[in-house]
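The following pair of complexes shares a single chain, chain A, combined with chain B in the former and chain C in the latter.
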Partner chain A sequence: MTVEQHQREIETAQHRHARHQGMEAGEVLDTVEKAFAGNPQNMQYFYDLFRDVYCNGIKPHPGKEMIGTMCVQIPDEIIHAAGGVPVRMCNGFYTDEEIGGEFMPAKSCSLVKASLGMLKSETNPYSDGIKVIVNPTTCDQKKKAAGMMREMGYNVYDMELPPVKESEEGREYWRRSVRKFTHEVGKLTGKKVSRKGLKQTIKTVGLAQRAYHRLNNLRKQTPVPILGKDIFMVTNAYFFDDLERWTAATEALCEEIEARVAAGHNAAGRRSPRIVFTGSPPVFPNLKLPLMIEQADGVIVADETCSSNRLLNDMVSVDEWFMYDMVDAIADRYLKSCTCPIFTMNDDRIRRLIELYRSFNADGIVYQAFAGCSVYEMEQRSVAKAMEKEGIPMLYIETDYSPSHSGQLLTRIEAFMESLKARGRHK
Partner chain B sequence: MNIKTYIDRIDLRRFRFWFQLATFALLVYGGRLAIDLGNSLPTFSCGYNKKGQAGVCYLLPLQHQLAEPWSQLFSPAGLGVLGGFALFLLWFVVLNKAWCGFICPLGTIQDWITSLRKMLGIRYSTYSDEQFKKLSLIKYVLLLALIFMPLAIGGQFLSHDWATPYCQICPARMIIPVFNGDFSQWMVDFSSTGKMVLTALGMFITGLFLIGSFLKKRFFCFFCPMGAFHYIFSKLSLFKLKKEGSKCTVCGDCYRVCDLQIKPIADNVVKKDILMDDCILCLKCVAACPEQGALRVELLGKTVFESTKDGFVKRMGLEKKE
Partner chain C sequence: MDYFAGIDIGSTAVKIVVIDEDRQVIGNKTAATGALVYKNAQTAFMNLLGEIGLERKHISYLTTTGYGRKLFPDADETISEITANAVGAREVGKPFGTIRTIINIGGQDSKGISLDENGNVTNFAMNDRCAAGTGRFLDMAARNLEIEVSDLGPFHFKAQGTPAAVNATCAVFAESEIIGLLGNGHEREEIVQGIHFSIAKRTIRLVKRVGIEELIYFDGGPALNTGLVAALEDELGRRLVIPPLPQITTAYGAAIIGLESHGFEKQERAEVGEAVVVFSGHGCQGCSCG
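For the complex of A and B:
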């Protein structure tokens, strides 16, 4: 026994980490793929994409200059126009969170810790090729994470975002940030952002958004033709996938789902409560809560999170196709409609939730807050109050990336689903 | 494709261009074909464009009528003023401020100047919030002046040299006749102090108009007393610009394309009837709105044009050619 053990190759910490990460991703992918019957065939592209990148060690953009983005406010259009590939660095791995834990206080957000952990580990899918990480000044934890990323040796670009978005001062401040970024990103990639180039990428990103809307709109149907976990897979893939390939895959999925709608296909159960998901973003593989909801016979029909709807909903509108107008238009789109809780007011988010609840014919809202994500935790009160006023049932869940407490969580979710079903009967 | 989808997908820019061209031709040259739409038009179909006018801007007869001696104005004969006004209101009620965005020849000329600027690739200017608030009052001052100065003439507090004061300073008086080869308005009238002051001011404002509208979209409309006059009655109109605040994500696309920099169009999510005093109802906001049904135009309570995702995508050129 002892002899055998000594002969075995000793696994390095990095290796072990990569193996654990593959296991974590694989386990979630197995659930996403196999725990639900009748997945759309065109989802296979997305399942495979995640498996390739997170289990099989295939790098997503070999030889390309990747620009890491830390939040939803960094304009993809501009990065693409500068010849870079935007890759969202927000990470959902528990294994990475454990590594990232050394950087942040114990009671901080899982997502920030996991993102730092990913950047720290040399086995991450983006390890070679990140030119710069663009970090907007959103929440305090992301802001302070920038220093730690610098310490790790990354080139970090702080992109200044105002804390108030309603004022003209805030708008102008952000427009300046974006104009400066347009200039600087070109220097970093060595390709100046040109008028023609930007016009083209506004279109390419717009086409991706169009595909997203086409898909998202189908979720308004009763019965609902696609599960929310699949939508999260699609939108999460947008974080790092090749833009045009993603659009094509999403369009293909739309075709299939449209056919399903025509055939009256129901992706959920007969009486599955329709859920709007909001709060801290589910990022692969942390699809814990969405999966639990749908395994507890709920179905997520809409969401208000920065890993999905907020990422793709609002589209740029340009009046005059010149740099001056395009850049400002892009700036406005990323600021004005953003419902990020870091802003002083959250009226927009509340209004948006009510609108999603109504237009997607939902039965209730599930609000996820990562323990330590203080902004979402703080907004809970006002959102809960507003929902109560509207008579919209809402379940607030504080959680993190750890796999523990899942029994407890599931019980709460099941109870909520049951109450929604009971409510449905009395309606 | 049904008619509603067709309208919601319309290429508004092109539609407006041709519509404005047609109405411009009608109002500026229609007189040559003996077209006469009367003299109560709620738009700058300038009465000084004698050779081609197909109708006269209501502000000209209004200032004339108000300058009648008070003994006449405040007698049964003064009811004639009401007749002209009723006709004005009748015209106005049908289209509301769309008279500005789709028909006004002076507005159309500004849009042409904007096109010229765009061709040259020069960026537009904007006002800051504070400038906007202050300058926005000018049109009301002009409106008050164009009502009270003629009244003062009728009451013999002011000499007849100050007659039709607004027309004298309106850039339309000088610019529109030019399209019929008439440059006779391009002069300063030295016959009296009043006339001299007004016509010199007119020259100055015309210069300002040409430069201003090159730098700023719909520069003049912001100061237009007709626009202010419209606004007083806009609630009566059958044609309305409506907003569904609950559907708005406050993305600001509408505000950004607005020639008049009207902020509430994006930021106000409470007001249903969102037509503001500076609005010219050009409907660019509706065309630029990506949210289904957030902005819409109603005629007699019926939606005739509304923002749709589909229409937005088409107008942004995001449809693959089949």
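For the complex of A and C:
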């Protein structure tokens, strides 16, 4: 070896990671944009948003006080009312999962590994402005992640969630947890949550939910006017986009999709099976399974995941616009409607799935479980049993963020689509 | 006469079947998949056509299946190996009755498929990212025991003592496991039997996820291994239907699907009207312009 060779410049780990992340995001965006014909024009806003943040290094919310949230259960309304910007930090990057894999047990879930990996890597788009990370006491892995985040030097707030949601004790426990959070978050941001402020943010978040409902309801149509991959892009953008800008962009998209419905436009194929997607959440850029389904001539018409439908479906219902009533109403909206498998009993999830299957006129269900997400893996049995009883075809797929077994996954998905089509012919 | 070809491009071998309008197998071929998947499959296909005295233009419809199904650009249709396997088993199993469960062990995966009375797939399970209990595992074991894969069956029946307890959960660690057993003084026959029972248990656990109903059909290359067949039957307590050529069921199913698709297309053309019928009456063959 010559001295010159020895002095070859080595790319820094940080730079290499940023480059790989950009490549990963870019590849998925290319598929989302270019592998499908006839994307709605108003989707461009969302495609560009992801490209800016994940490929072009534009950091969201410059100069603003960002509050990281690690779960769909952290109330946005309260964070907004305290002058903070909630940013969901559940992460979908395989490059980050690999970093998380260096200090997490091998059999832990991709999402937790990737989220911690992102926080560790310091190339994450939010590294500068995160005031505090609000972490729920949901599954064991998320709970224990709190300690690791503290070790990394982040300020972490434990949001306590009960493991039972049916009991009055559980409900009261959670209400107290939300009341405490309302109090504490104001101290963190320096802006106290006021009655007027909270009433206003319940309204603004409600408007976003209304836009989502308007969009989501259009998917009940036959033929289906929009593909599921685009819906995941819209709902995933809600993780970090400016709330009002997101609402406006979604409303604009609704206008276009309504016109498509009026024109009888079909976004899918002539015989595409209609799919309800459930289980571990697809988070950009891990849209692996949704994209595979739609590239195999299926179409996702509804979902039951915390990165999409569960994020925006249920609204706050307030009796009287006083502080104590609003906060408790927010607490109830988050707890009662939650169909996360971390609860001891989760019959609500089965009911929700059957209802989605029927009201969206679906042909089958695809259930994704991240390897290592023991609660989704365990709940597979009871859900499969219930669906079999109802005569609803369901495909269960255990996977993670790695692209290595896509050939086998595709075989299963195609076989499932073929069996749904054959079933459709015999109906 | 129209002919139809099904090509099953698996992880280890390419299987090709050509059938006629009466669903009779005119010829079949098995070749190694290798790294140049398309080239090897194409060569094997052309060789088979030569052997049976046909040309490419005589094949009215070509269907590909298996992991490499998308790597064969001139296919008229691609279909997943699960559907193709089901169709093939339904046809081949007809003399025995109605096939309701398929156990398939391939080069790198194993599957359980359940069918309804009409032969449609109702459920399936596949192992994933693990070569334990697959053809590759048997390959590895035979190599470590310094015997041929075709000896595995005869060795199974020659075992004197109890079958050795083999874990067989990992193809990579199988080598050290086998060396350990040999070191402990086990006969090779006992080890072979142990491996077969271990694979049988593992496979049945997988297939139980879709439910096991009579008749049960077992195919894929490892179905040629009479020892493994016996182990599966013993563990299940039931007889299995083993086709004469277990490797080619899926390719045969793909050819049948091609025959049916070709029939649909012809029918559709006839329904659309004369203009199109005239067009197809030119003896236009070898392309998929229909």
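By our rule, the second predicted complex is superposed on the first by the 418 of 427 C-alpha atoms of A that agree within 3 Å, B and C clash if a C-alpha of one lies under 4 Å from a C-alpha of the other, contacts with A are read in each partner's own complex, and residues count from 1 in each chain.
The rule is short, and it goes like this: a contact is a pair of C-beta atoms (placed from the backbone, for glycine too) under 8 Å apart; a residue touches a chain by one contact, two chains touch by 3 or more.
Remember, predicted model here, so these are calculated numbers, not experimental data.
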(request) Answer with clash or fit: chain B and chain C placed together on chain A by superposition. (result) fit
(request) Return first, second, both or neither, reflecting whether A:E320 touches chain B, chain C, both chains, or no partner chain. (result) first
(message) Contact-wise, after the overlay, does A:V261 reach chain B, chain C, both or neither (first, second, both, neither)?
(response) neither
(request) Once the two structures are overlaid on A, work out the angle chain B-chain A-chain C from the Cα centres, in steps of 10 degrees. (result) 120
(request) Could you tell me if A:C55 is touching chain B, chain C, both of them or neither one (first, second, both, neither)? (result) neither
(request) Applying the touch criterion given at the start, work out whether A:R333 contacts chain B, chain C, both or neither, answering first, second, both or neither. (result) first
(message) According to the stated criteria, A:S419 is in contact with first (chain B), second (chain C), both, or neither; which is it?
(response) second
(message) Quick check on the superposed pair: does A:A248 touch chain B, chain C, both, or neither? Answer first, second, both or neither.
(response) neither
(message) Counting residues of chain A touched by each partner, does chain B or chain C come out ahead?
(response) B
(request) Determine the nearest approach in Å between the Cα atoms of chain B and those of chain C after overlaying the two structures. (result) 26
(request) Give every residue of chain C touching chain A within the complex, in rising order. (result) 67, 79-83, 109, 118, 120-122, 124, 126, 128-129
(message) Please output the residues of chain A touching chain B within their complex, sorted ascending.
(response) 166, 168, 171, 203, 206-207, 210, 213, 217, 313-320, 322, 324-325, 328-329, 332-333, 336-337, 347-348, 351-352, 354-355, 358-359
(request) Report the residues of chain A in contact with chain C in the complex, numbered from low to high. (result) 393, 398, 404-405, 407-408, 411-412, 414-415, 418-419, 422-423, 426
(request) Provide the residue numbers of chain B that touch chain A in the complex, in ascending order. (result) 118, 121, 123-124, 128-129, 245-253, 256-257, 266-267, 269, 284, 288, 290, 309, 312-313, 316-318, 320
